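Pasting the structures here.
Each of the next two complexes has subunit A plus one more chain, namely subunit B in the first and subunit C in the second.
And then the complex of A and B:
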């Protein structure tokens, strides 16, 4: 596959994913916290086009679920009751851009249920939770990356531009942060804080902790770019015409860090998504009932769930295209922007 | 009359870890009057470019500057950086040898000229800046001002790039232009054009000029007065005519012998002379005259101490034991 095509696919894939989590309320058929106690660990609902009589339908429909007569933990389709999949149905409340809505992309008339990716142990729809959980995980990656990149940018450009004592001090600090085993540091910081905090507070704590730990690498890279940009002849020439430090940073030096900045963003975002997933998986991140990809995977710590209910792995599977997409993007940006100038 | 620029006993050392400081300038003193063109002549590595940078305090951070620089009676060496920024470009401008690398590669040249105006005229509107830049582009000899304004540096020739640098240097109306080998990387015809341009602009803007060059022929064209620099010291000073026609210092003499007199009459059989040896290492302090090891007229005294400045003729200074010292 050509390089350009791969980048295009990666961009489309990432845009779709981010679009999907932004529109989670509309795309998800259920509220992520809504429990259906009658259907714990229900398998993904099958869409049918052919009914029991063998006639073909132009629109998919589903059958209701009943517990299997010989094994309580398994389900059977109740062939006697068919529910057509309906579009733009009215359902649970959600808010989109500040508006309160109840229109959903698709749904099933009561008392039927549609679980595209099955349910978890409380009978919550995995598909809805995956979309809503993506909000937490992907946004945590974005916000934490923005935080550590702005810190890195500030420290790196000050350090590289002013040099001398300031540079020495800041770079020793960078080395200190680089040498830290950041995962354990995150454990320590999170463990130090109260165990029971609201999911919103937990989310922001998580983001701030991840973001403030990771600024050191971008800071050092940006310092390097600034250091070499500062020595260019045209920077000296501009100073000879009366350019101030602020002008030089803004016009000549910081634009050159753009390549490193974007590449680092493409590398850090997936890394921070993974950090959120890891911490939530271990129970140190966002807590129940708010879904995140990490705490959804957390239930897999129980072996029987991992062994019996494969659909519980869905959050791990969506991480694959996320990482792949960012990796391709980072590669592309690195080649295009960093060796370009 | 009070000089425009006065440099008094200027020393510049470049510092490096674990090595003795390199003494690049060792006590340089000279003056530049209003409207005067002073040529600075010397070999590579003698400190000419350092002198150009030192006047505007643009030396690298790991350097040490001693002495005094007066511009319009203001001492520059202890001026706050903010004041220096106001002075650079508006009072004293600097252009370099390689205009191609002195221009930002990804900004339109017009913007780069307008940016200089913006630095010194905070009250100018974008339109005024543009008009100012276009006016100065016309002045430095461009006809298609609009097209040049929107060009990127790589779209212009070396001569055009140097004109852009001159436009940047002059847009804020300085009284002194320091030109560090501005024509050395250009071919002969373009060089002549740039020199003619600088001469015209000097006249029209009543500009004083400090022209740094290794080429005596260029200085013959440009300079009223010439300072010959060797190993960070001024070894000879006089009017351009005096220095070029009857040099006093053996280094100046040797340097001028290296220049082809007239290309048409120099057949391949006439060898140009070269000065044997190489300039001293700036990290070492020679006991005597720094030129002594290479000097054809060396005497016993030359290796023992530094000759002091003498005035063998009115308005001429030289540092050589031949003339007392």
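And then the complex of A and C:
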């Protein structure tokens, strides 16, 4: 496959994923926190096209599930009644771009249930949780990367441009930050937070914590670029004409760092997504019942879940295309912007 | 010549007769206990896993579960609680009599029996053991049990095989006090006791020859971090129905296996022969290949563990923790607690958290406790309507978004803490969160590392509500004294009360004090029934559910009789044997 085509696929894939999580409320059939306690660990609902009589249907339908009376989390399909999959149904309330909505992409008439990716131990729909959870995980990656890159940009350009004492001090600080055992520090920070924090506050704290951890490396890279750019002839010429520091930085030097900036972004975003997943997996991220890919995967720490309910691995599988997409993008940007011109 | 031979024959006959009579007398002198289990076969080894490594074999310092699991297999007590019948039975004391006032107990000891190093056992060992346990400087955990509730015990030797215990006041469960208080060999530990080094004696690295006990097994070897092996005690004082000396097994090996899941896997693959304390998820997982793998699993029904929701009702938060103190105004309102109790779907919790292998609870005594359960406690199903009525009558109102507010218009929100290492209690907390959301109460669930969880609940009181559980070692109400007495050390919802904070706590105090000195069982039961009623009505803790005790063993393990009392499986380890395949 040609390079260009791969990049194009990566971009389309990532846009689709981000589109899906932004429209989570609409695309997800259920509220992610809703516990359907009659259906714990229900397997992914099978879509049927052929009914019990053997006749073919043009539109998919599903059967309801009857829990086994003897064994926990074992179900049989109730073939006596078929529920066609309906589009644009009215269901649980959610808000999209500030508007309160009830319309969902698809759904099933009561008392049927559709669980495209099965349910967890509380009977919560994994598909809905995956979409809503992606919101936390992917947005955490984006915001944290933006935060650490802007910090890195500020520190790196000041350090590289002014040099001398300022440069020395800031670079020692960078080294200090690079040397810290971050995971353990994060544990400590989380332990000191107050007990009663809302999921939104918890999310922003998480993002700020991950974001402030990672600014040191981009700061060092950007400093390097600024350091060399500042000695370029046209910069010296502009300085000779009396351009101010701020003008020089904005007009001539920072544009030089664009390549490093974008490549770093493509590298850092998946790293931060992974950081969120790791922290939530360990129970240090957003709390229940708000889903994130990390806390959804957290239940896999229990042997019986790992051994019996394969659909609980879904969030791990979604991480693969996300990482692949960003990797391709980073490679491309690296070649194109840093060495390409 | 003939006469000589005849004389010799007579002489030989006489000598043999005398010798035979002597051995017979010696055998008669050794007063053994006969068991009623199936007659088994000698030989073989039993392997069992432990979640952590035992730290010591010293009965005076063994406080952690793994140490106790090993130590109790090597030691014996005077009067024992039969784990299956839940009643007391003779052990090292073959019989006992109590004085009419219930203040004096004379225990008659088995004669002629020996410690595992071959040294004889008598009243001196018993007196020495209790001297050690009751010595303040030794800090033994047994001391807390023996002198709880200001009980004063004195121990006297009446003759080499009779010991008299005198109590300062009657105790209805006095016989049960002796369970798990093991008799120490005076000849091995006296010196260490007088030197003040008893606490360091009998570590796992002590040579096996210097450790002895009256239990069915004795230490053979110890591989640090891996395993402890015990071997058969040839002097053990129990025999089977055919007078074969117990135990049957040659060895028991305790393997250190780090986690609950790893324990289940080791049992599944056949590395271990017995498993206690399985959780319901792993039970379901292992049940699938019971047939093919040659083990059987048993669901013994609810044990003595009660899990509950606890509201912080401590008084010392005022001024120090203003936010919690403000919320305590709701928690102190009994109708609020009753509404929470009415809103919780206990049957859902049992079904989802314990996969149906548990029992919903409305008071602290579980159905596993046959002797003390008050069967008249009402068991109302979940009712949101009743919960709403209770809240309304207590002055709570709902805003237009359906959120609950108090009479100051403050929204009712609080957090529930629980130990993050206990996934089942975390699950209970998450389900309660959802149940209370239907009442318009916003609850956040906060997982805490176990130690910081315990510190918040018992020391700093910096929490709003908690999900936790308590397990009793015995069915009797007496070990529960420290939970229900307002001055008790485990009176969790309000610790360190100078005097009972509420009239019902005062009533519980009176009932609990009365039941100790009431020697007649039906009268005593009536008193404890009332305590259960008060707990169910006033809800100092909101009892939710009790998990079943789930165990497993290899199919050909004979005499395996698991019970809901700790240690669940190995309590009759001397009787266990391998059936030929």
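Throughout what follows, the second predicted complex is superposed on the first by the 333 of 341 C-alpha atoms of A that agree within 3 Å, B and C clash if a C-alpha of one lies under 4 Å from a C-alpha of the other, contacts with A are read in each partner's own complex, and residues count from 1 in each chain.
Going forward, a contact is a pair of C-beta atoms (placed from the backbone, for glycine too) under 8 Å apart; a residue touches a chain by one contact, two chains touch by 3 or more.
If you're wondering where the values come from, they're calculated on a predicted model, not measured in any experiment.
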If you stack the two complexes on chain A, which partner ends up touching A:84: first (subunit B), second (subunit C), both, or neither?
-> neither
Considering only the touch criterion stated at the top, classify A:308 as touching first (subunit B), second (subunit C), both, or neither.
-> second
Touch count on subunit A, higher of subunit B and subunit C = C
In the superposed arrangement, does A:197 touch subunit B (first), subunit C (second), both or neither?
-> second
Give one of first, second, both or neither to describe whether A:164 is in contact with subunit B, with subunit C, with both, or with none.
-> first
Is A:19 in contact with subunit B, with subunit C, with both, or with neither (first, second, both, neither)?
-> neither
For A:60, is the partner it touches subunit B (first), subunit C (second), both, or none of the two (neither)?
-> neither
So in the complex, which bits of subunit C are touching subunit A?
-> 261, 264-265, 280-282, 284-285, 345, 348, 351-352, 355-356, 413-415, 417, 420, 423, 427, 430-431, 433-434, 444-447, 449, 452, 462-464
In their shared complex, subunit A is touched by residues of subunit B numbered 56, 58, 61, 85-90, 93-96, 98, 101-107, 115-116, 119-120, 165, 168-169, 172
Subunit A residues within the subunit C interface of the complex = 33, 35, 37, 40, 71-73, 121-123, 191, 195-199, 283, 287-289, 302-305, 307-308
Which residues of subunit A touch subunit B in their complex?
-> 163-164, 232-234, 236-244, 247, 251-252, 255, 341
